[in-house]
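Mind looking over this structure? Questions follow.
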């Protein structure tokens, strides 16, 4: 390890944080003077408390979103690589050429191929399949394992520790492992299949098996988290309920149906919403397992990345990103309305 | 993006000893017990096998991995790859860089979130509901969506190839969810405690720092842990903002470099993977009992 | 928790005081000189201190050669410092393309692969070199790889990047199979028991391209930009690869680059189709058992396969001018003169771009390099326009569909390839 390099890394990180701190101090000072000394506002304190995070999020999330929205109305690409900035709209030019093309990108998202041949609806369908299958397995297997682990059982702690591993290992490491082990000649998966006399498929090039592999890896990765959440939920169900049910002669199936499931609901509903959003937006797994960029394994977000970074179609990618965002927003609002979760927001 | 960022904490569950009374535990027949054990064993095996395998690859005597053997202790097993990774590559430097950035940004993110969550929890002000909903909406944004604008912004501000952009980005991006977790936790702490402190002469801010924050230590610790893990494992933004100088890399970029297109250094890759996983897995296992009893999504339900 | 945070604050404050001094590190930009005019040969060599940043794709261990060049130049011109910066080849492309948005971040000189010319010219980040430097000393094929529509965008350093046939002499014998029928026969003999007759990276269309000439077709029409992938000849080429794998069964299952390469170096594969960049590595590992030559003639057509040739090239970023430009042009010419090129052959085992060095005994007397040289001669310069990217991507889907998924409906595959390429070209 290079000492000079480490010192300079240290200084750079602390310098940045220090600038950060100074910035926050200045912001707070100005707000204090304006709100407390000058306006004597009653709600000065919450504003002072929230202001730094607010400014940070504005700069890092709101501004980029606005920029992206603006770009989505331009034809910015590799040969028109100019920053349209904000605000731009109709006045945007790149090397003398007009970049503003109105809503053309939004029309193209639905009418033209996103990357090579596959259109938006094919990729959307693949994303729905990907999301649904994953969430079903995450919740199903997670719940099953949580129920088994929520018992008096020898070796319970050992099982739990081992099953939690896929969540604990850094994702980049586990994905590197899986990519290696899915090699059809040398990978562990096909060698194990060969032991039982099955000739393993081509995991990287065969469209069906590549999609299958993506789901397999993501189920492996995602079950422990869901299991932990549901186990937490199970353990918060008072034991007396089961005892009372038992006295009333309820079978264990009935207890599950009428006690466990309803009592788990407050934990399960938000877990499913979040699980769906994460899976839908999951970039790492489809990107790494579909290293050969089969369009049949693309999801909306890997398509987005490739449209922007591989094909440099920044304008198109901008429009496409907002379509994805809108889809998620509609889903979440619909699901929240239906399930009544998030009542607490406006309390 | 990362699955490690999100859960929330309920104080009741944290404080509670683990009670796992449950349905049917007393009437299990030996056969049923055997089936349960077999199922759990299979699940544990599936979870564990790939991990064991990477360990075995890391012991292989040469870097050109590809071999058809399935033995867990390979022929001619050696720790050479570990020595190589630790003493002859930039790997320790990458770990140091990661640790530095991760600890720094997790702390800053935690401070931002802790104060903002207090504002949202204890005050009613116009725009509060909108603000909370907006924070939640940020969780819907695909990370790749912001990548291009952030890249362009970073190019123009000359942040590529430095840690400045990365530090700012990591500090801020984890804030929305941290606010949600902490707000959920603060909401459950009785406001009377702070009021009592104010009667004793504390200002509101002092009441927050002296009373509420110490009471919220478990939630703060969990938020720090999740921020830490999110930043520790992040690589897409790092790839864009750090650029091409290898000595600036964080460890995920380094691992990806071992897995170069033409000459993957399998032994190095596996050894580095094992080395980087051990502390994180230890951290997880250490906190797992506490995670399991403490982490529920209760905060979101209000 | 809050108590633990307090000690951090003084550190932050002190840190900010100390570090204010050592923040922004400026990399020496090109000095703002007056325009030296088009012909550097007439411009006097600049006197003042000049720093040149050189981005190179060469990593360990090849970067040592680049650094040695820079040092040698510095010894001759003490006022010139050349900083060599290694960048992974894809990152180098991204970083230089991004300089379209911030020209001051660009280096003074780039050492990279030819296929970056498409994106670089498209984004307008490199400059034309016609009339600025004498290009007559380079082998024609090498130079052609960096010319688009008669404009020269780079200066060749090495020549090659071509795919060749490597064979294991202990299995195949001294001589390479003369045509594809002989290759299949030799491969069949060496297949079985976990051994394979022939391997190559089955997942990248680069490994399809040499066979196109063997089946008398190419990826573009006469105009050089319109993709022509949906042709009977293309179908024949795909069918040839399909037969190798599924009819003659001389190839392994799904096999990517490391798989193929490890099978060959491990002695489990008798022949491999791979690039010249592995020559040094394979020679080290196989020793006298290694044979190298051009790909065999296609028996059914009698035509020779033509691998794409490219190699490494200098390119000059668009904003470089004045004294820095004069120095950069001089350095490029100096580092590719006959003497330095012979040095490069010794160090890197790559074929030189300099025509005179290519005739030197160091190349002609070495059987491996001579084999490589013969393979280069049969090659064709890889197209450098942006459309080529579309074609590579489109053909990727084809070769993966045929060799990976085992699809033998070649007409449908080529139709999809054509559609993908056309869609991509339409978005450029």
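By letter and in written order, the chains are A, B and C; residue numbering begins at 1 in each of them.
Throughout what follows, a residue touches a chain if its C-beta (ideal position, glycine included) is under 8 Å from a C-beta of that chain, and two chains touch if they have at least 3 such contacts.
Just so it is clear, the structure is predicted and the values come from calculations on it, not from any experiment.
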Could you name the chain whose CA centroid falls nearest to the centroid of all protein CA atoms?
A
Which pairing of chains gives the most C-beta pairs in contact?
A-B
Report the chain whose mean Cα position is at the greatest distance from that of subunit C.
B
Chain centre separation in whole Å, for subunit B relative to subunit A (CA means)
14
I'd like to verify one number: the distance from the centre of subunit A to the centre of subunit C, where each centre is the average of its C-alpha atoms, in whole angstrom.
36
Subunit B-subunit C separation of Cα centroids, rounded to whole Å
39
Considering subunit A alone, which of its residues make contact with at least two other chains?
12, 14, 17, 83, 183, 185-186
Two or more partner chains touched - positions in subunit C:
101, 259, 262-263
Residues of subunit B that touch at least two other chains are 65-66, 68, 152, 156
Spell out the part of subunit C that touches subunit B in their complex, as residue ranges.
1-3, 5, 8, 24, 85-88, 91-92, 95, 98, 101-102, 105, 194, 257-259, 261-263, 265-266, 277
The subunit B residues in contact with subunit C across the complex are 64-66, 68, 107, 111, 151-152, 155-156, 158, 160, 209, 213-214, 216-217, 220-221, 243-246, 257, 260-264
Seen from subunit B, its contact residues with subunit A in the complex are 1-4, 6-7, 10, 12-13, 16, 18-25, 28, 36-37, 39-41, 43-44, 46-51, 53-54, 57, 65-68, 70, 92-93, 96-97, 100-101, 104, 108, 112-113, 115-116, 118-120, 122-123, 125, 129, 131-133, 135-150, 152-153, 156, 162-164, 167-169, 171-173, 175-176, 179, 204-205, 232-233, 235-236, 247-248, 252, 255-256, 259, 266, 269, 273, 276-277, 280-281, 283-285, 288, 291-298, 300-302
The answer for subunit A against subunit B in the complex is residues 1-2, 5-6, 9-10, 12-14, 16-17, 20, 43, 45-47, 49-50, 52-54, 56-57, 59-61, 63-65, 67-68, 71, 83, 141, 144-145, 147-153, 155, 158-174, 176-181, 183, 185-186, 188, 191-192, 195, 220-222, 224-225, 228-229, 231-237, 239, 242-243, 252, 255-256, 259-260, 266-267, 269-271, 274, 277-278, 281-284, 300-301, 304-305, 308-309, 314, 317-318, 321, 324-325, 328-329, 332, 341-347
Of subunit A, residues touching subunit C in the complex:
8, 11-12, 14-15, 17-19, 21-22, 77-79, 81-83, 95, 112-113, 116-117, 183-186, 200, 202-207, 292-295, 311-313, 316
